[in-house]
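Per-chain numbering from 1; labels A, B, C, D and E assigned in written order.
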């Protein structure tokens, strides 16, 4: 069994279904990308798994951590997991840090909590962690407040805080969306390095296929509360099986080659409260037939590790393309 | 609530009441003299205790406890003049009075009162100006109004003085009982930093001495055991300022006070519902009336004013608002005027039809007449004003009721904006001259401010003040009343004011026929 | 359309500073948001303006539109100088220069229908009779791909893409000569971005208007622009054909920017810039990029490089190293991109 | 921080100047104080003399500048009623008012904040609803009605507490309770909403995701952040306490500044009213400054500017 | 803005219709809010039809029938709520008082909103010295508790209905000014207003057609918060003898004059006190609810 196994997870806020049965597993040391447009349920999946959703949400399904279901577990069991085994960082680092506490204290809090460190020992470890995530002048910055740091530095603080509990899995929820391109590159690079150094697993949530493709070995594409396609990252680009994935790829302007007219997905994401019957993507899909409006397709295996939830998805032979998925580790930091 | 029984509640309440009231009630039974607390609406309008600056009803209430005049009044009885700091007095001629002073009178500072002190009390440093101390302007004015022809006091001996007046004054002795004539210690006065400093802490001769005065809050008087009448009956008298009627009553009911003054008639039943308390008092020598401004274009016509006087239902007001506890006087005069009391003088009758007829005759066409009213400056003033307004409206008068905050706003503006307002009049001498001529004669403020003038009345007023022919003076007085109340009305008399004081039922104490509260030996037993 | 031969838009040496107040009495610091920017744009042409947050690209857009006056320099539109903001000449010019915004929901009035808002420029400039206005609104809505029934809807009941179409329709209803797009796609979902880019390109092709396309997204800029200018801390550091700039960036910053673009399947090495973009309030001396520049020299720390054509290929770039005026501190090891 | 303080001081000074001007304009232009003080019966000569004595016969602008000069030299004049220095008159009353407002202030805080926090943490529970009903009611019941009901119950019916006067500490209980109730209600409401807002913030989620037990999240992370908006409300509350004192002191015959104001206003004792209004305004301005400084202490973002500049 | 000033009752009406339509369209509304709205509708209906439903003229006296008991305390049906110290029908006075108090509260709320919004817009539009002047005025308002200010002004300028309403209108102006200024500035710098400005619209069009309607919901919420405060202020000032004066009557005035009869004839005071409290309660409940629904950002 995988390290974390999410099984048939569904979340509803009142009458609107945010998640409609998610199945996702993360192996130890693996980097999984979770891609989708706003409102597709990427973040909700992991907030639900860790019990961080408000009480108004109805959560069903199971989340197996090392074979034990932690979904709806009592606080006493859940609290050591949060930050200790599964850590999470969020989109807007400035808002995710407590504005009135010094960053050293915020990192130290996790150390005390999960590793029982206090006083000078904790302080030394905080400095080490800050060094590790590349915050310059850590010894002084320990006393800084979040508002005194830039967005990129704050995200590094968040990462240091997440590392403090020595988690086995880091869930990074759109960690670079609020940041500039060059800073985004820094953070992605840092995450990759850290993963290489610590061997922890990572789930990278992003709306940007480019971001996940570089960092993750496996990618799950979400649409309207479902995973519609899941594959090793190379295969997603070489053999996109779901029309939505194809649409996403087609709408990205190319960086090289001749400029072509972009292939866009018409229409817009359905509202959670007004989900169409059948395939949720059918109204926007140029392949859709009457069948699509009736059948809600189940994931269909297309190749090893590759499945897509589309009735028209066609199985294929793997290894046609030489660009295999180890790209994330092939990064080389040229200028350091 | 289930855990606490009724008995428990009662015992707690009894215990706490006792604890709170212990010092006062207990001391009443011991050899030590009791102390009383009096809840009043106001202690002093001017925040001073010197009667030259505090010419008000509320000042009248307190000053007799700490200050004395040469001649006193029998406040509880017939208002007659009595010896106080003077043992006897004698007219030398029309303009001169000799006074023998009481011996052995001590001031609160221990000094013995001499003729020097008396002469000083009536002297330039205290009231006329031009002496060594600067006297506030308004003090000089008040003094001149109270003693219009005063010349000087001559010291004839250590305990004998002679008062010189510059003109004939039939009521000169009576004027010596006026509150401004409180006798003060010359030494203490001269030691005060300024006139106003003195005014807040005068050193006088009364049965109680001022121990603490916190303006707008509390006045504490303590027994002055060297008083010439002997030890006063109370160890202490505290006047606690409590502007809210309900608060005063509550203070009494909760044991925080032994007396609550200025009780509106409507509250009498409420207070007396509790057998521990009693409301005493009744009509006093103060008459409520409503005055007209002759300069107002509509009110210039005497017919309109007559109509106003004929549509006031005095008896209804007395019956409803006062529960019949006061009376309607025969015009602006008092029965203690003696021979000067015109017993057959009638108020203008309540006669709406006559009023309507008068208005028709006057050609009145609903022009608005402003009526400025202070919010319950007088007891039940607002209610009375609303009753009058309704009655006036009923006969076709267009009265605009305007509530104002203070006296200044009543006299604000030109003749058109001033119309009707409320007033009261008090007399303390058995002669109409001081009251009537002082208020409405050429020396009075309505005359000076052009509010009401009548040439014939003016002449008669002067004659009333200068003539010594009693018969003639009575005739003049009769005619004056006729002019000012019937022919060319300056005001309409409503009723006698009444003062009601709630007190502990076990205290034997009699209210005065005025606002004065008398806490001397003869008026106390508990 | 007077002065047909002149460039549609000319901006010379624009500079704009803001005063940053610290409290009521506090020191005021001058922040030069835009510092000596010159650009020109002809009809039918799209200029892409790229840079990271705080580089002054949006301020440049506002200066070009005359919404704010520049402290230095001048803007010429169709041969005439830009009137002062708020004057009636300025207001009249609005019908010829329009703007598309980053967040369409914010740029639209939630209380008014789409139809009313698309018609608003016509109302303001009193163009046509009411019947003509209705006709024009219907036409322009059809042109941007909105259904007639959308006219009666309110912005919140439309999807993000439809809202941006409505904003574009409002901008186009007066047939402007210049369209300034300030980050028009960055608030939109990926799938919608493509729709808007396609639409803008189609519209330009049809109307021949000039377009200034401000974005931090190099891919989008490449897609739509005829020329691209890269800004860093208020200055243009490189300018040229999009393909040339993207494939062979001359300025080290442009190199880093290009290499930072995440792209599916991209495997090549990447330049990772160190440190954060500096605060515009304390601008580094010399070349503003030198503290982060991998190849900075002593010259870069003291002398401000001028934007001028490179000798080798005529690319306009502002870098001492690129011009060979200073030897690179370290050999640039990468400089090949995907 | 220093700059921040200086700028606050300057704004405070501007406020004070405006208050002084306002007081002068309203009180001097609205009517003739001479007739008020002297009474309706006073002869014109006496009124003229009074005017002269108080400088009321001077041109208005002369009076205005004289007034400013006097204010800045601490000379606020003498009470027109009894000739005392108004500063002394007002200061004499201050202890009485403080004896009510300070305890009431602590009641507000001691009751309002815990109630608000509790209600926020147990949103939609029965206690939350009770707190909110009390809070809204506390706001809706006029303080004088509350005061009179309290007197009726505790003084008249039960006889536990005195109803008026200032004889012992027991006299202060009902006025303090009256003033405390309204303020506590207000504070509970604001604390609750501030707390709810904080609980919805991202960093609370971060703290939970870190594995902090909920109680630690509330105590260590939520409370201090919720204190920031609450402090602003406490600043407003001071104004409410002063206004409350005016009414409550009247009901309970408590000889404080509020009573002094009501009495002086009724008598048009200009100097005293001026002094009271000025003093209240200055207290409020000072209190608001203290609140701002507190704000800075609680919220490091306020000091941040200066710090960032130094680096 | 224009129709708001011309018919105060109309604003309340439209607000209520909107609320009711919200209710009708199926958005769930707590029972308490429904009750609050019903109470306010009742108050409005009473205010509008006061002359028709009032059994007696409110000044009509029956001095022989003073302090008669209300029905629920054993009185007669002639005077359902009893009579006061002058034998006037308490019910009739209550009805007239409701009209007067609502008139004052509406009038003052609207005056405050108009002044505040205007100054807020002026500050936002001109910025610079004008803005500083407005902000100084705002500071000044914050420096004096309103009751103290009102006390001074009323006592010194005397009392008239117009002055009273205008004075109370100043009560919350600075709140509206702050809101209007803040929202206008933020709208102007990045948002629909910036867009409209760049279209070449005149300030009138910008503020009147765009900004005002957009901030209206926030303003209405603040108005519902200020409304009960004004009702309470009116009663507080009346208690101190500075409010509405006889022969006119208002809720606060009734309480003020009735307080002496609290123990002997409590119905005189309790009926208006109840109406004050419940009305203030209902409006603030409604305001809180509206804030949650319409404007979660307002703190």
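Methods note: a residue touches a chain if its C-beta (ideal position, glycine included) is under 8 Å from a C-beta of that chain, and two chains touch if they have at least 3 such contacts.
Note that this is a predicted model, so its numbers are computed, not measured.
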Chain-touch separation of chain A and chain E, in steps, is 2
Contact steps required, at the very least, to link chain B with chain C come to 2
Set B-D beside C-E; more C-beta pairs touch across B-D
Chain-centre distance (mean CA atoms) for chain D and chain E, in whole Å, is 23
The distance between the C-alpha centres of chain B and chain E, rounded to whole Å, is 44
Averaging C-alpha coordinates per chain, one finds the centres of chain A and chain D separated by a number of Å equal to 52
Distance in whole angstrom between the CA centres of chain A and chain B is 90
Multi-chain touching residues of chain B, meaning two or more other chains, are 244, 246, 405-406, 409, 412
Note: chain A residues in touch with at least two other chains are none
Residues in chain E with touches to at least two other chains are numbered 155, 158, 259, 262-263
Chain E residues touching chain B in their complex are 59-61, 63-64, 66-67, 85-87, 155, 158-159, 241-242, 245-247, 257, 259-264
Note: in the complex, chain C contacts chain E through residues 65, 67, 90-95, 98-99, 101, 106-112, 120-121, 124-125, 167, 170
In their shared complex, chain D is touched by residues of chain A numbered 47, 50, 52, 75, 79-84, 87-88, 90, 92, 95-101, 109-110, 113-114, 145, 147-148, 158, 161, 165
So, in the complex, the side of chain B touching chain E is made of residues 244-246, 249, 264, 266-267, 269-270, 316, 319-321, 373, 375, 382-383, 385-387, 389-390, 401-406, 409, 412
The residues of chain E that touch chain C in their complex are 190-192, 194-202, 205, 209-210, 213-214
